[in-house]
Structures are given as C-alpha cells and as structure tokens.
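First chain A sits with chain B, and in the next complex the same chain sits with chain C.
Up next, the complex of A and B:
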C-alpha cells in the first residue's frame, strides 16, 4: 500500500518536472527563432540533448543538496529586449572604466552601455555575435571558429548547458589573436530586470600565447523598489513574483598553447533570482587559467565550473568566495579533469554562511593514468555564523595515476574564540574583532583579483557585508 | 628599576581562577610598581601562563576569588578590549595568524581603538603609516611585513617581533610577555629584548613570564618570582634566576612543602 502511494506521488512529481522542462525548452526554441543567428544544426542537436534529459531533482546525485523545486512554480517566459535607462545600471558598469565592455540586459546586447576595445580590431575581436555576423570579414573568419568552438567544450550535454545552447539570444565573443597581450580587462556585464528566463552565452578564445583578463559580472534590478513604499502588501508580493527571474549562463573558454587568462567572475544578482551558470574551460599545453569567483547575490545560485586539459603542463587556479545570508543558497560545483602529465592545479573555495543560508561545494578532481606528475590541491573552508545555516561539502578525488601529488581538505567552523580574543587584547571590541575576522576570511579570495578597481569595490562590499 | 616611592600599577590579592572547573590559580599575591621589571618563573603547569591570560581577560578562565587592581581600577570588571585600552598589554606565547587582514590594517585599527578609548581623535592612514614605519625600527622589522597578513607565514621570531611592534605602538603601562623567548634564536632574542628595553620607562612596568634564565641576561629583572601549584612561592632578586638555572626547581618545591 505504501509503495503505491509513494510511486503515485513520484509520478506526479515526474510529470511536473517533465512538463516544466518542456516549457523551458519551448521558450528556448522560440528565443532561438527570434535571434536570427542561424546555427540550426547546433540548436537541433541541443534540443535532442534536452529531450533526453530530465529536470533535476534531489534524486540526481549532482543535485542532491540543491533543490530546484521552487523554480517549478515560476512559469518563466523568454526575455525580450527591453528599453534601458543607462543611469540605472551605472553602479555596476562603472566598476571598470577602461577597456572593452560588452553589456547585455536580459541577454540582449546594449550598444549604448558597451565600449569598444583599445586594440585594433584585427588583433582582438570583441562583440556580440549578432553584430559580428553582419560584418562580412568577421562572418567569414568566425565561421570555422563557431564550428569548432561554440558549444564544443566537454560537458555540453548537461541539461542547463544544452538548454542554453538551444536558446541563447546572442553570444558575446571575445577572440584574442596569437601573441596579443591585452592590458586592460575585458568586461562582460550581464544585467537583468523583470521576471524572465534569460540565457546568456559567452565564447572566449585566447589564441597561442595571448594574455588577458576577463571580467564577468552578473547583476539585476528589482522593480519592486517603489512598491515597497506601498502599504498594500499584496502588491508588494505581486511585484516580487513578477521579478523572480532565471538567468541561465554559459561561458566557454578556450586557451590555446601558452595562452593565459585571468578570469574574474562576480555574481551579485538580485535577491529573487535563480542563477544557473556554467563555466567550461579547455586548456591546451602550457596554458594558464585562473578563475576568481565571488558569489554574493541571488536567491539560488549554482556555478558549475569545469576545466578540461587538451595538453600537458597546464596550470589551473580556482578561487571562490560565497558570502550568504537570509535564505540564500549558493552551490559551487567544480570539475578538474587532468588527463595529461605535469599539470598543476590549486583550488580554494571559501564560504561564509549566515542566517538560514545554505552553501554547497562539490569539487571533483579527476587524474587519469596519463596525468603523471600532476600536482593538485583543493581546499574548502566554511565559516558558519548562525546555528540555522547549512553547509554541504563534498570533495571527490578520483586519482588513477600513481605518481602524483594531490592534497585536499574541507573545514566547517565558527569564528575562533582565540582569534577574537587576540584582537580584543589589542583594544579591539569583540564585535569589531568578529567583523575584521570575517572580512579577512573573505579577503583571502578577493586579494587574488588583479584588477585594482574591482578589488577595492569588492573589499568595500565585503566590509559592508561583515558589518 | 626599583623606586620605593613609585606609584603602584598593579595589585593582585588572593587571586583564584579555574578553567573548566579545575582550579589553576590558588591565591596569587603580586604587586608591581612603576618602573619595575618582574620575572615570573616556574615549571610547566605551575600557572604562569594562566596568570597572564587572567590578567588580559581570556574568556576561558573564571576568576573565583580575589581582586586585581590596575591603576586604581578593578581590572576584573573590564572587558578584554577595555583592559587593553586602559594600558594592559599581553604579548602572546603563540601569536595568532589572521589571514586576509594586513598587519598594517590590524595595527591601525588597534591603535585607533586606543585613541578613541582615551578620547583622542583617530589618526588617518597617512599619519599612521609614518608612525608605524618609524616604530618598526624598534624591532628592526622590515616594512614589507606590514603588508602581509597578520602573522601569516611569519617565522617564530618574526611573530614575536610583531608582538613587540604592537607593544611599541600601543605603549602600554603594563606589558606582560608570555614566554616571549620561546622559539627564538639568539639573534632574534637580542632584537626582541632590545625592543623591550627601549620601551621601558620609569612610568611603565613589565612582567616577563619565562622558563629560562636566558632571557633575563638581556632584560634584567628587578624581581624574580617563582610560581608553583598556582601560587607565588618565592620572590628574590635577579640572582634567584641564576640559582634556579643551576639548581632547578625541586628545592623550592621542597621548601614550600616544609613550610
């Protein structure tokens, strides 16, 4: 009897999830039609992949700790271009005042909020695919690149990645040619407003020995700021529902031999956002990739970062910081697949979890038989500030090679009384000591950011957060 | 420097303290006048470090009886940071590492806390930089240490030098140095001792807690006290330290047992 009941409820859940995924797929396919980018074969393959997948549930090992069922209540429609008031985005866009900047609002390119590259156009090709394709020279140059690079990094069959491939409205392309060193950071700014499904996509390519800094930033606006003044609670709630949005982002990054990319990623979405993101990286021989990811916003965020090798002697650094409060959830899912010899990798993920927030870290490191003399280390440190906060940490090391050095560790702790006392003994009040310690905990990651303006902005943000 | 007419800075009477219900201090009596240097020696577990932590206000220790008067104020009534701001400084045996907080920021926040508590205006970043760089000379510390995280990756000697730098900035009336000599090679010991000596004035006082006579060759105490089983059992001049070095502690414990 019990069995019948449970299987019945299962099937109800299954139907909901299936229907919901079909709904998302329909929206994605419609967005693709409206994009006029062509790419039919690519989109069709992705539709087939989504059809083979299901909407994740707690029964999927990959989604055990991150419950997406709240999303099922949101019948997201695809995002349309909106009229944009430049002033309302200036706080986020003014973070970086030099260098190229590509801005999208709800996934649609906004030329008025963007800036051209300093380099000559041939050395550094930066722009939205929709615009680049209108230029015959670029269209011709880009054709083989799109064929071999767009949606071609491994791991593309994961359901949200495939969904993005079905329905991205545009692709922000950053293509830095061989031996080019770009001094100013290249900024991709992703703003969102209104309650939509936005699927944003970036394709970043560093040719042989190219070197640059890539900054991605995700932020949003809530339209209910005025409604909060209203005494009518129903209207406030209504505004909040309308502002609940889903941002499904995929960034593919290719490093050719000897290339270096310093990638900084700031997720500061508004409080009602579901942020689902993939960063997929392919590293050729002797390339160096560093990612510093800071997660502060969103109701629920998932950053899936996957790094694959396509040659020996690569260097990978992944630094992450999540600082959460209220009922936020942030999930960092990483995969480091080492399949060539002499690779080195360092990963540090730090989480500060307050109130009833929930932080998830799942860090896979795979070292194949071929990857001899790999030197990898992974560390996950969690600081819990409230008894209601929750942390799930799951390091997963799968090491087949026998001559490697791989270290990993995970800690979950509260602020150390001894550290607080040390600061107190220097005249600093207990409260201020705690703020300083929190700040320091986060700054260990923020310090890795090589763009001074951004580092300052984030350290100020962290200081405010800690106080 | 002993001056019978100097002001009493610290007066400890019948101090009892416990940790987790175990009594460690069992009636400490102790007095320090301005200008004096006191050494407290004793075996492991005799209560020396506990005494220093109780004075600084470590939350793990519970005072069960007795009083501590610091410059006319009941020290035990104050929070740890209030004790620090009123002029008590504890140099830690094991200074803590604070990753992510630069030494410079930490020192500035501490320095300004003192100023604020004493009704003075906070000083700005630039004035502070001049001050801290000048004070770094006291312990011959390279200014590059200021921009590293507090004590992170510092050697044992560097950590101790950093403690004395903090002392040089905060200019305490009473400095308690808990095993400051442990883990120091001879050069570092000289630098640290030199720093402490430079900071010594007729208006302040220090308490050196140590196992070994070695430190006392460089910082010469006016009084040497021996602590055993949670009490001060013997007090003498600097020659007592030499006697302890050659004879050990057994004879004092035996004397105490007879008494």
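Up next, the complex of A and C:
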C-alpha cells in the first residue's frame, strides 16, 4: 500500500499531464464556442473546475489501476460534424426499430439517422438541445430545467465530467412529463468515426411517476479498415493513430418522486477508443432506477456510475457485465450514496477477462446516519480465462447508520473444474462446456435487459464471444 | 440503539496509572546526533549504526502517509523523547532480584508476573518498559532447547550475525514513513531465534508498557524460525493515561523457513484517550511476516481494543510454495477512537493459501476501517484466498468502513471476499430478556459470539485475557 513511483519520472510526467489537460481544455472551450448554446456561466464554472484539477495519474487513488498515460501520446482535436453515410451505421441503429431515437455522430446530432417519439410532443420532449432551443415554446420551458438540472448532479467536479461540461457540442434531452408511461424504449445512439475528442452529453429527466426505458449505445467505425489491408505498414500505423479517439460521455439522470427508469447501456466502441463515461443519477423519494451496463469494446473504457438519493424509499439496481480480450481495459467505478432511510440497492458486476485484458472494479457504498433501514448488497464476480489476464477489485463499504443491512462480496477465479466435469459427464465436450458456462455467467446480467431485441442481440454477441 | 447497549460499551481504563520511577532520557527531538546517541548508549556494532543512519536519512526524505481513514493533528517529531529508560536498568541486571521493586510492582498491577517462582502459566516473558527491555524470564530453560529469546539489544551484542542477517529483510528500512522512523530510533524489543527442528517448549511473550508521558515507544521485534521449527508468540501492551498523545511506532518482522510455523498473537490495550477523545496512543505499527520456505505458515491474531488511533496491517508475504498465511482480527473502537487496520496477503509462491477473518465493532463516535489487500502475483499458480470481514455497529454515530483491495494476476487463483454489517437488534436483546438474561450480559454474549471465530485462534491464556478485556469494556452497564 505504499507509493513506489520514483520522483524523477513523476516530475516529468506531471509536466506532460498538465500541458495535456490544458490542451484538452483548449479544445473543449473551442468546441463550446462553436456550439452556440450559450450556457456561458455553466461553462465558465466548469473551466475553473478543470483548472483546479490535474490529469489523473496512478497516484490518484481513483485511478490507481487505470493507466491513462497512453492517452498522453494522442493530441486529440475536437470533433467536427462529418458527412454521414446512413448505410454504414445501420447495423447499430437497426438494433432498435421502434420508439424515439436520437443519433449523434462524434457528438453532433444527425437528424437523418434519428426518429421522432410516438407520443405527443408535449408529453415527451426529446431532442437535441440545439434544436429545442430554436423552438420558442420549448426554449421557454427548458430555461428553468437547464438552470436546475444541467450539470447539477453531485460529483460534477470530477475532471472529465467538468471537461465535458466545458465542451459538449450538444445535449440530448429526454424529458418525460409527469404520469407519462412510454412503452417503447427511448434510444440514444452515439456513433463515432475518425480520431477526435468527442464529448457527448445527455440530460434525462423523469417527472413524477413517469416511467420509461432508456437505451444508450456507444459504437464506432474505423475509417480506413479496408485500406489497412493493402497499404504498407507505415500507413497502417498512421491510419491507426488517426483512428484512436476519445469519447468522453456524461449522462445525467433525474428521477422525480415515484419515477421509474430502466436504463440500458451498451458500450461497443471500436478497438482503438478511449471511452470515459459518467452516469450520474439523482433519485427522489420512491423512485426506481435500474441500470444494466454491458462493456464489450474500446481499448480503455471507464464507466463511472454515481447514484445519489434525494428522498427516502428509493430502489436502485445496478447490473454490469464486461467481457474483455486482447489488451483491453475496462474499469467500472460505482458510487451509491444512501442518505435517506429505507433505501434498497442491489448491485451485481460480472467480469470476464481473457488474453492480456485487465478489469478494474471499485464499488463504493456509502450509508449516512440518516439512512436507517437501508438494505444494500453488492456482488462482484470475476472470471479469468488466461494467465496473462489481470483483475483489480475493491468493493468498499462506508457505513455510519446502525440499523442497516449491508453486504458485499467479491470473487476471482477461473471456471470451476467440477462444473466443467459435470457437463462432460453428460456428454458435452470440455470446450462446449466451457462455452456454455461462460455464456451462463454473462447471461445473468444480459437477462436483466427488458428490451427483447436488444437482449437477443447481446446474447448472440455473448455466445459468439464465448466461442 | 438502546441505552443499555450504550452504557455497556463504556468502561474505565484500569491500566492508566503512572509509575513514578527515575528515568534516564535523551532530550526531546530527533537528529543524527540523537540516532548516534541511542546507538552509543546501547553499545551497538557499527553495522547497526549504519542501518540507523541510513534509515534516518531515508526518513527525512519521506512524507507522512495521508491515505489512512484517520484524522489527527500533525505530529511534531521534535517534541518526542526518543529514548527513555528506567535508571536502574542502565546497568545490566544479574537476576530478577535486582529489578527495581517499583517496576515489579507495576507489572504485578498489570497482572504480568515476571517473578518466575510465582508463575502460573508456562509462558516466557520479555518485558519492555518505555525504551528498554527490563527482564526476560525462562531464558535458561529455553537455551537448553537452543531457543534464543532475549531483548534485541542483547541479541545485537551476543548474536550480531543473526540480527544482521535478518533485520530489515522483511520490512525494508524505507517501507513506509514509520518504519524508517522506527529503524532509525528503535530502542528495544524482542528477538527470537528457533533452531532447526525445534518446537518451542513454551509460549513466548512480550509485554510493552509506555510510562514516560513524552516518550514515544519504538520497539522492534524479530522472530526467525529455522526449518521445521514452530513457536507461539504473544504480545500485550498498556500505557498510563495522559492528556497528550504518545506515539508508538513499532516494527515486527517474522521469517519462517521451510516447514516452520509462527503464530503471533497480540492483545493491544494502549490507553485509548478519554471519552472526549483527549489523549491516547497513536499506534502506527508495521508488522510483516515472510513465509520464505516451502510449507511454512504464519498466523496473525490480534485483538485491538486500545489506542486513540490504530494504523496497522499485519501482513504475510507467501513466497515459499504451499505456504499459508492467516489473519484473525477483532478491532473494538469506542468514543473517539479511530482504527484503520487489516492485512496484506501477497501470494508469490505456488499453491499458497491465505485466510482473513476480521471483526470490527464500532461504538460511540469512533471510526473503524478494515483495509486489506489480497495480491496474487502472476506466478502464484493455484493461490487460494478466503476473506471475511464483518462489522458490528453500536449506535448511529459510529462509522464502519471496509476497503478490501483484490489484485489478481493469475487465472488459476481463487479469491473470495465477503463482508457484512449488522447491529445488536432490539429483538435479540428482548429474546435474551425473555430468558432472564440482563441486557449487559446479552450484549456481552452477542459480542463474544460475534468474535468467536477469532478468539478460537488465540492461545488459551490470551483467549481468557481477551474475553476478560471485552467484558471489561462491557462493565458498569445497567443503564
């Protein structure tokens, strides 16, 4: 538990990190100017925050196991709107064929790839902020919401969250009015191509007793995939560097009293992507929030999910699955802050790590004095499939109230030999048995997905992955 | 929480008396001269002085750790007396009869019999008072078996080659801020050496007492178990009540070679400060065992009830194949006590196994954290770990935390961690009341049951003491 970073190399790293963060900040500020959204006060506050922070290093407890130093080699420029070929994105977009769909490419709204909501426009306000503000009625309605909700969930001072606030190009707004039940899932699709820093932002609000399903999906395209096969090595490397990108995503979710959101999050970025994401949730009394997050892609991905209570008797469920191979790294950081009585929370995070992949989990559960009669449980299970794989996990409990039930567990192992043997004794080959067990391990999370089309797609994905 | 439980957990500290005894102390403060003076006073060989000076220079460059989940005002390291010895112990004692009667009285009050004739239990004791070891019992009996058990200053004179070979090999000088400090200024401690194949005929024990109000205690314990040997070692500590905080920064190193076994038990009852959090010992201790040989085993058992602040992670480095590490802990905090304690199990060898059982009880406004690390290195094929940490909260102003780190780099490893929190329910107390058992007895029984897994690991004499200690904390109860 001691720091062994030598001071000499550290001071060099520090300079790099500082200038790098300055570079990102400049890019973000420029993106903000180009967005014409206004929001100057908000942006200025965030700039001040970023200036107070430093680019994370291994010395920061929160980033001990997730090394961002490879990012320093990438002088990302802010993403610009690009011309889009609809066909090339159809695989990802056809995942969901009904319900409203907001598509952005590199953070810029793409109307040709989006769909309107079925409901009347007043009951469910869905759209990019840049467009909604052009509509005088909405602009008026949205003003107080932007004031009180945008970038207002706690935890906004984290460096990448603040950076996102400085420079998001647009905000995808999902605002479901009181007592509205939306049957079809609301889909926010985040595509990216080229090597940029794109900062995407969503603001999701469920008013009193509203109920809906939110699907967020992140995916990417490597521009020169075909070219790479034919040209010489130098150009391939060049193309790869160009395609390395950084997606910094922030989703803020507000649940008013009695609201219910079923949130599904699929991260399937292309292999050269740095994916940094924050999901910040505020739950008022009697609200129910469920998040099912599946991480499959990206070179390095970090999902930081934070749930705060603003009323008693909330129900929170967090399910997560990471399936990694090659040299991928996936980091799930969760914070569950229970500050009101009678809250209940369940968390299951499952990780499968193959090849030289590295999986990080840090799950924090905080129970304050006021949060009596809390019932929280957390389970983290890791399967290691290769000798070079690595798992770092840290489930944390911080409890002040006495009348609570809190438990957590963590396991790391490979597939159980006796389980494989059991299946073999029933005539299933060892290989098949292994596949079956892996599939079963992952399906426990995938099964929580309530959208049939998505569940099928992901279970197929998982089956392919396992074989 | 019911008022009965509240009153049950508060009890006075009965070891808080001061022994008025002439002491020979160095002036306050730390400098190279002080380090040299300590070394000179103890007539140490040159390598020891070099070791100390190296440590001191390292310490100057280091920073006090800020990551523990504890809060305290900055320590002024120049206000501490780094060496304090009862005057009489200066000249080497021929026998116990020469020990200052005031000292013997002190230890009689503590219930430690250093008078061999009056012994009840078959335990050899090394007694450390402030900075020096004042007596070691049963040395002759042990010597017959080839076991060396003496104070570390004596060992430096009589067996310098053994000390030189092992000192600082498990806990390097610059391991952390407090080990560097300890390495520079440690004044005494115990040394145990078990030759090949010897099962130690009796339990060994050290008793630590801080008497001087301004002195820190920096003791150093080194236990070396050669091939096939085994030993059980017990450690106890108390201090008088002072308004000021005293620093205790100890280092314990254990080395177990092939097939050797070391069982190390601690009952820590330093003065914890008063109910307002004034005074008490800062207990910043580094304990680490190295399972160097194959099939070796190191087992830590600790009952932590005292100290204003505890910062302590008895660890095992499982280097030898098939070696075993165990950690059993009960940490009870009350009032304004803060404890950040746990263990590190580092799996290096093949088929190494470790078990962690930690029980935390927090009452009053105290803060009790479990911080543990289970690390499986890439080559540790077939490593196995089971960890369980349970917390019990008495009252809604106390704080229980767990920070378990699990780092696995070998796929054949199997690591399990479980944690839970609970409280003593009104229904449980009611159930006992129905059966005619008073609330204080009920609480005592529930806590005793909660800690059972750990107490079972303590040697007989200590299990009795630990049970007594916890029930003492539960004295004066009817509310």
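Heads up, the rule we're going with is that the second predicted complex is superposed on the first by the 458 of 467 C-alpha atoms of A that agree within 3 Å, B and C clash if a C-alpha of one lies under 4 Å from a C-alpha of the other, contacts with A are read in each partner's own complex, and residues count from 1 in each chain.
What we mean here is this: a residue touches a chain if its C-beta (ideal position, glycine included) is under 8 Å from a C-beta of that chain, and two chains touch if they have at least 3 such contacts.
Given the structure is predicted, the values throughout are model-derived calculations rather than measurements.
Novice: In the superposed arrangement, does A:123 touch chain B (first), chain C (second), both or neither?
Specialist: Once the two structures are laid over each other on A, A:123 reaches no partner at all.
Novice: Applying the touch criterion given at the start, work out whether A:145 contacts chain B, chain C, both or neither, answering first, second, both or neither.
Specialist: In the superposition, A:145 touches no partner, neither chain B nor chain C.
Novice: Determine, under the contact definition given at the top, whether A:453 touches first (chain B), second (chain C), both, or neither.
Specialist: Neither partner.
Novice: In the superposed model, does chain B or chain C contact more residues of chain A?
Specialist: C
Novice: Considering only touches as defined above, state whether A:386 meets chain B (first), chain C (second), both or neither.
Specialist: So A:386 only meets chain C here.
Novice: Answer with first, second, both or neither: which of chain B and chain C does A:82 touch in the superposed model?
Specialist: Neither partner.
Novice: Who does A:178 touch here: chain B (first), chain C (second), both, or neither?
Specialist: So A:178 meets neither chain B nor chain C here.
Novice: Which part of chain A faces chain B closely enough to touch in the complex?
Specialist: 416-419, 421-430, 432-433, 436-437, 439-444, 447
Novice: Help me check something: in the complex, which residues belonging to chain B touch chain A?
Specialist: Those residues of chain B that touch chain A are 56-60, 79-81, 83-85, 89-90, 92, 95-96, 98-101, 106, 109-110, 113-114, 117, 149-150, 166, 170.
Novice: Residue numbers of chain A touching chain C in their complex, please.
Specialist: 1-2, 61, 65, 369, 372, 382, 384-414
Novice: Going by the contact rule at the top, pick out the chain C residues touching chain A in the complex.
Specialist: It is residues 1, 65, 67, 175-176, 313, 344, 371, 373, 376, 378, 391, 393-423 of chain C that touch chain A.
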